[in-house]
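Presented below are the structures under discussion, each in the form of structure tokens.
In what follows, subunit A forms one complex with subunit B and a second complex with subunit C.
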Partner chain A sequence: MATNAIRGSMAAPAAVATPEIHSDTTVKWFVLGAVGYFAIVGIIALIIAAKFVWPDFLGSISYFTYGRMRPLHVNGMLFGWLLAADMGLAYYIVPRLCGVRLWSEKLGVATSVLWNIIILSAIVTLLGGYQKGIEYGDLPTPVAVLVVIAWVMFGINIFATIARRKYNQMYVSTWYLMGTILWTAFVYLTGNFATLLPGVTGVNQANLTWMYTHNAVGLIFTPAGLAIAYYFIPRASNTPLYSHKLSMIGFWSLAFVYVWTGAHHMLHGPISQWLQTIAIVFSILLLIPVWAVVYNFIATMKGQWHQLNDNVSLKFLMSGTIFYLLTCFQGPMHSLRSVNAIVSKTDWIPGHAHMAVLGTFSFMAMAGVYYVVPRIFHTTLHSEAVANWSFWLFLIGGLGMFTALWLGGFWQGWQWNNPSIPFIDTVVALKPVWMVRFFSGIMIFSGIVLFLYNIMSTALGAGQAKAELARS
Partner chain B sequence: MLHKTDSNAILFVGAALGLFFIGGLLTTVAPPLIDKSWNKPFENTDPSKGPTGKLVAYTDQEMRGYRIYIREGCKYCHTQQTRTLASDVARSGWKGVPSPVSTPDEFVYDYRQTFGTKRTGPDLSRIGGKYNKEWHRAHFRNPRDLVPGSIMPPFPWIANNPDELDALVAYLQTRGRAKDWRPDNDYEK
Partner chain C sequence: MTDYTWQSVYFSYLLFAVLAGGAVFFFIRSVKDGYLGPNSEGPKYRMLEDDPELDPPQPNGATAPRRP
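Coming up: the complex of A and B.
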């Protein structure tokens, strides 16, 4: 396949399509809902960060206790914000890459309504203590069934759009989104239903849970996030993608390698040593799909870095790329038994997890939202300056949180490895770290508020502008 | 060959699922068939092979306590695994006696695995028998009365509910007791 053809046609197929054919109703529903949940769940995140510093804060009310708010924070951010934003952007990207309208806007809006029912049920059931007790799979079974139904509705809509595509060749973002839909289906069923089968207990259940939890990040948020980055980096910079071959290496190695690594969450724990070793080997191999993707993104930006000065979407995309490189270097390193003996179970791990889900994939999703919202409402962004502020709050707050947790977690791990230090002393030692995390959280939350304000003002302002136009 | 998947969606779906299922099946379905200790309850009567003892199923009361443990999300701050690390063995120990390492056969009756990912509070895999019920009641009412500097939340709705408190303490006392590791059977009740 000639490289020129990819650089020419594959990287910029959307330019061929006329924007008027897309009504984008589903995109609006999903994206605006996701941004709203980002802010609502952000409040929960701040509350649980505060509980580390002031453990009695909201402490005597069962609904607001840490053990119930943490799963709400995790599920709310993963499903209410990030997955909903990813789905919304998929409804934007796929029809444009295929050169046809979305198969059914009605089905899309119905999916969004169902998604809102799921998130609201999650809030009520998780605070009520009806959690299923499986990490990331905390939603009670009836709600999990609704998630499966919504996912099938989403999958049908996207695949039917792809089946009717005008351009025969599919761009890399389309592969990643198809992969997301297919793998998520099986990963979600494993974590939420296979784990509940009779006789699946103890270590057996833990192994299935880790297959789910690990791949929720690796085969849901990673391919969805990369689909977004593969689409919006060339779009936002108006530059063709560097290499089609590299994107193939990245995609197919991800498809094969990621699913083997779940057991690295139980290194040194009560799970078969040989399974731990398999997980370690495949965790190291993960460097291949990650470096292939990162090299491709960085090489695409060659000679274009000046565009970051005044392009907020590109700022988010390229910092997300750097965070992706870092978080996916940490992952394989944590899988080494010697490193794992220090960092596992410490505060380092939430530092790592937040760099993946917030620093990498939320940054990519926000880049997409900043890019599409003005376009789907046929207007301009309410304020470039406020968008820029939101970026710097996210970046500085995020870095503050990540580095505080890494340093604190590493220190904590060293203390744990010396059993002559009483455990409670290792808790007290971390209080300054949790204080820094709380104040970094305030910065991140301020970024969310500015993001919400800017996106909502853009959406509402567009309506007002149209109304004024109609009156005059 | 994979080049063809660029333009053939059906081939793409087959390849993406095929590659996924190789690792997916080999790491989820195969391991419990290969390692029988995942599904066989612990039992040992020979002291030369390590601690003796037998894993027994939960009573109704212990099961109620187990469900409270899940309901309150305790596992988000407490792990339940004494790993093969010297420091874990020492920290799970009690009164100078190191604890045995956790093995898969100790968790066969766990309807929800509670190994945990984050150790904000201490590991609970060998908590059974270390503290009596009065200690736990006072601790659930306000952890900082007994452990200054602790950041565990208070649980007054459990401490003040005798039925729930008894059930939760009964569950906690089972933790790590399949293996009889304490000298002179000095477990608290």
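Coming up: the complex of A and C.
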């Protein structure tokens, strides 16, 4: 138990004692950048939440209008924070699982520089009102082309590292990360370029857009997040995964099932009934990979739950696992035609999306960042107490936000299904829900600020800690 | 019933077919490589160990022989 506590804690005893094997320069660039963008885009999220309660808030300044803030929030969180953090953690995980150094640190750093150019370009263009108006695909085409180039650079580096691996059989995280790279190529090209082809308009464009939007979560952030969780749950708890075979079953069932589900966002819309039915059937089948993943994680923690007391990474990971179970139960259920008739297009959907992207995959990424940063800087975490505060602020704020949006969304759907209620009355009725979301958002943003402070203090204080160690 | 969505349906289902075909190919290959066999639990123990050192560079840039 003592060993577990040391291994799982934020300290990096092994890294200090052993010679440097991995330089991790690329990991540092990606992870620190991602944490910084998390805080910047968190401010945008708070402004948007405030606008729901006070619509005139910053209303006369064009840069702060909802139409510009919302794409910046979505793209900033997806690409500036979460995907960048996932990529940084992939650069950490893959060389270690393969028993070799990263194929090219120079290429990794170049990818990071390009990624920062992309995010800064996105901030400038989206605030300036230059956007395609496609959900998750708002970035102007030249910026989207840069994303493709950066992704190819990332893919070459990761696949070249895997090709040089020391061990024949790959751990499941490596499979998930390879899947992420290949699926992203298909999904991103569809959402950002195929939707712009001549003749792809109206419902056609919506069909491709929803295939992209849903699979951006299901085939980009889900496999990347699960790769992280499959690596850090055993590492942070120093406990072997319950079943590697089950993890592979989960991986392959996700590979077969997820891609078909996007059209469930268009139920009751002007698309073919058979297309809707296929999307519903495969959405229900999603319960198979979800069960395989969640059972594996919870069974791994059997007899190890006490470690959550003093291990912030595990707190984030296991909370993320529960949110994953909830969000992946919710998804198939609201894909049913009867439920969808109530919740579609309501606040239920952003509640569901936030539980997936923030509650599940951001929690897993934050767990990885808390685990990795002390180790790559060969130091200890700046403050365990601050890390715990950040976790509880995220958890309580997140729960408040998700619950308010689910209940509010259901209520909104019931009202919309009653033609005798004027639409504006349904807007006014939701104000208390949006008030709860705003104050929950303040808690979440406070958690982001503490996370940023703790990670940056750890990174910046590493040199000082080394000097003190040398003196002693 | 007229299907107004044929363009995007054919395009997206072409992508689905490519992805599903790739998944079938690599799934069969992974089964042949023993990922669902009796020795498939090895990677979960190995991933808990830190490499004490990496293999030295091989002559002419060749990679070291793989271990099971």
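Heads up, the rule we're going with is that the second predicted complex is superposed on the first by the 447 of 472 C-alpha atoms of A that agree within 3 Å, B and C clash if a C-alpha of one lies under 4 Å from a C-alpha of the other, contacts with A are read in each partner's own complex, and residues count from 1 in each chain.
The rule we apply is simple: a residue touches a chain if its C-beta (ideal position, glycine included) is under 8 Å from a C-beta of that chain, and two chains touch if they have at least 3 such contacts.
Predicted, not measured: the structure shown is a model, and the values here were computed from it.
Colleague: After the match on subunit A, would you call subunit B and subunit C a fit or a clash?
Modeller: clash
Colleague: Going by the contact rule stated at the top, is it subunit B or subunit C that touches a larger number of residues on subunit A?
Modeller: B
Colleague: Look at A:Phe439 in the shared chain and tell me whether it touches subunit B only, subunit C only, both, or neither; answer first, second, both or neither.
Modeller: Neither subunit B nor subunit C is touched by A:Phe439.
Colleague: Which of the two partners, first being subunit B and second being subunit C, lies in contact with A:Leu208: first, second, both, or neither?
Modeller: both
Colleague: Using the touch definition from the top, say if A:Pro234 reaches subunit B (first), subunit C (second), both or neither.
Modeller: Touch status of A:Pro234: second partner only.
Colleague: Would you sort A:Ile21 into first (subunit B), second (subunit C), both or neither based on which partner it touches?
Modeller: second
Colleague: Tell me which partner A:Ile271 touches in the superposition: subunit B (first), subunit C (second), both or neither.
Modeller: In the superposition, A:Ile271 contacts both subunit B and subunit C.
Colleague: Just checking: does A:Trp252 make contact with subunit B only, subunit C only, both, or neither of them? Give me first, second, both or neither.
Modeller: Once the two structures are laid over each other on A, A:Trp252 reaches both partners.
Colleague: May I ask you to decide whether A:Gly199 touches subunit B, subunit C, both, or neither, giving the answer as first, second, both or neither?
Modeller: Both: A:Gly199 reaches subunit B and subunit C.
Colleague: Once the structures are superposed on A, label A:Trp389 by its partner contacts, choosing first (subunit B), second (subunit C), both or neither.
Modeller: neither
Colleague: Mind working out whether A:Trp183 is in touch with subunit B, subunit C, both or neither, as first, second, both or neither?
Modeller: In the superposition, A:Trp183 touches subunit B and subunit C alike.
Colleague: Identify which of the listed stretches of subunit C (21-29, 39-47 or 57-65) has C-alpha atoms clashing with subunit B after the superposition.
Modeller: The answer is stretch 21-29.
Colleague: Of the residues on subunit A, which ones does subunit B touch that subunit C also touches?
Modeller: The answer is residues 163, 168-170, 175, 182-183, 186, 190, 194, 199, 203-205, 207-208, 211, 248, 252, 255-256, 259-260, 262, 270-272, 275 of subunit A.
Colleague: For subunit C, which residues count as touching subunit A in their complex?
Modeller: Interface residues on the subunit C side: 1, 3-5, 7-9, 11-12, 15-16, 18-20, 22-23, 27, 30, 33-36, 40-48, 50-55, 63-64, 66-68.
Colleague: So in the complex, which bits of subunit A are touching subunit C?
Modeller: Residues of subunit A touching subunit C: 14, 18-19, 21, 96-97, 99-101, 163-173, 175, 182-183, 186, 190, 194, 199-200, 203-205, 207-208, 211, 231, 234-235, 238, 240-241, 243-245, 248-249, 252, 255-256, 259-260, 262, 270-273, 275.
Colleague: Spell out the part of subunit A that touches subunit B in their complex, as residue ranges.
Modeller: 1, 51-52, 55-56, 59-60, 62, 65-68, 70-71, 129-135, 159, 162-163, 168-170, 175, 178-179, 182-183, 186, 190, 194, 199, 201-209, 211, 219, 248, 252, 255-260, 262-263, 265-266, 268-272, 275, 278-279, 282, 341, 345-346, 349-350, 416-419, 423-425, 427-428
Colleague: Going by the contact rule set out above, which residues of subunit B touch subunit A in the complex?
Modeller: 2-3, 5-7, 9, 12-13, 15-17, 19-20, 22-24, 26-28, 31-32, 34-35, 38-39, 70-77, 79, 81, 83-88, 90-91, 101-104, 106-113, 115-122, 143-144, 147-157
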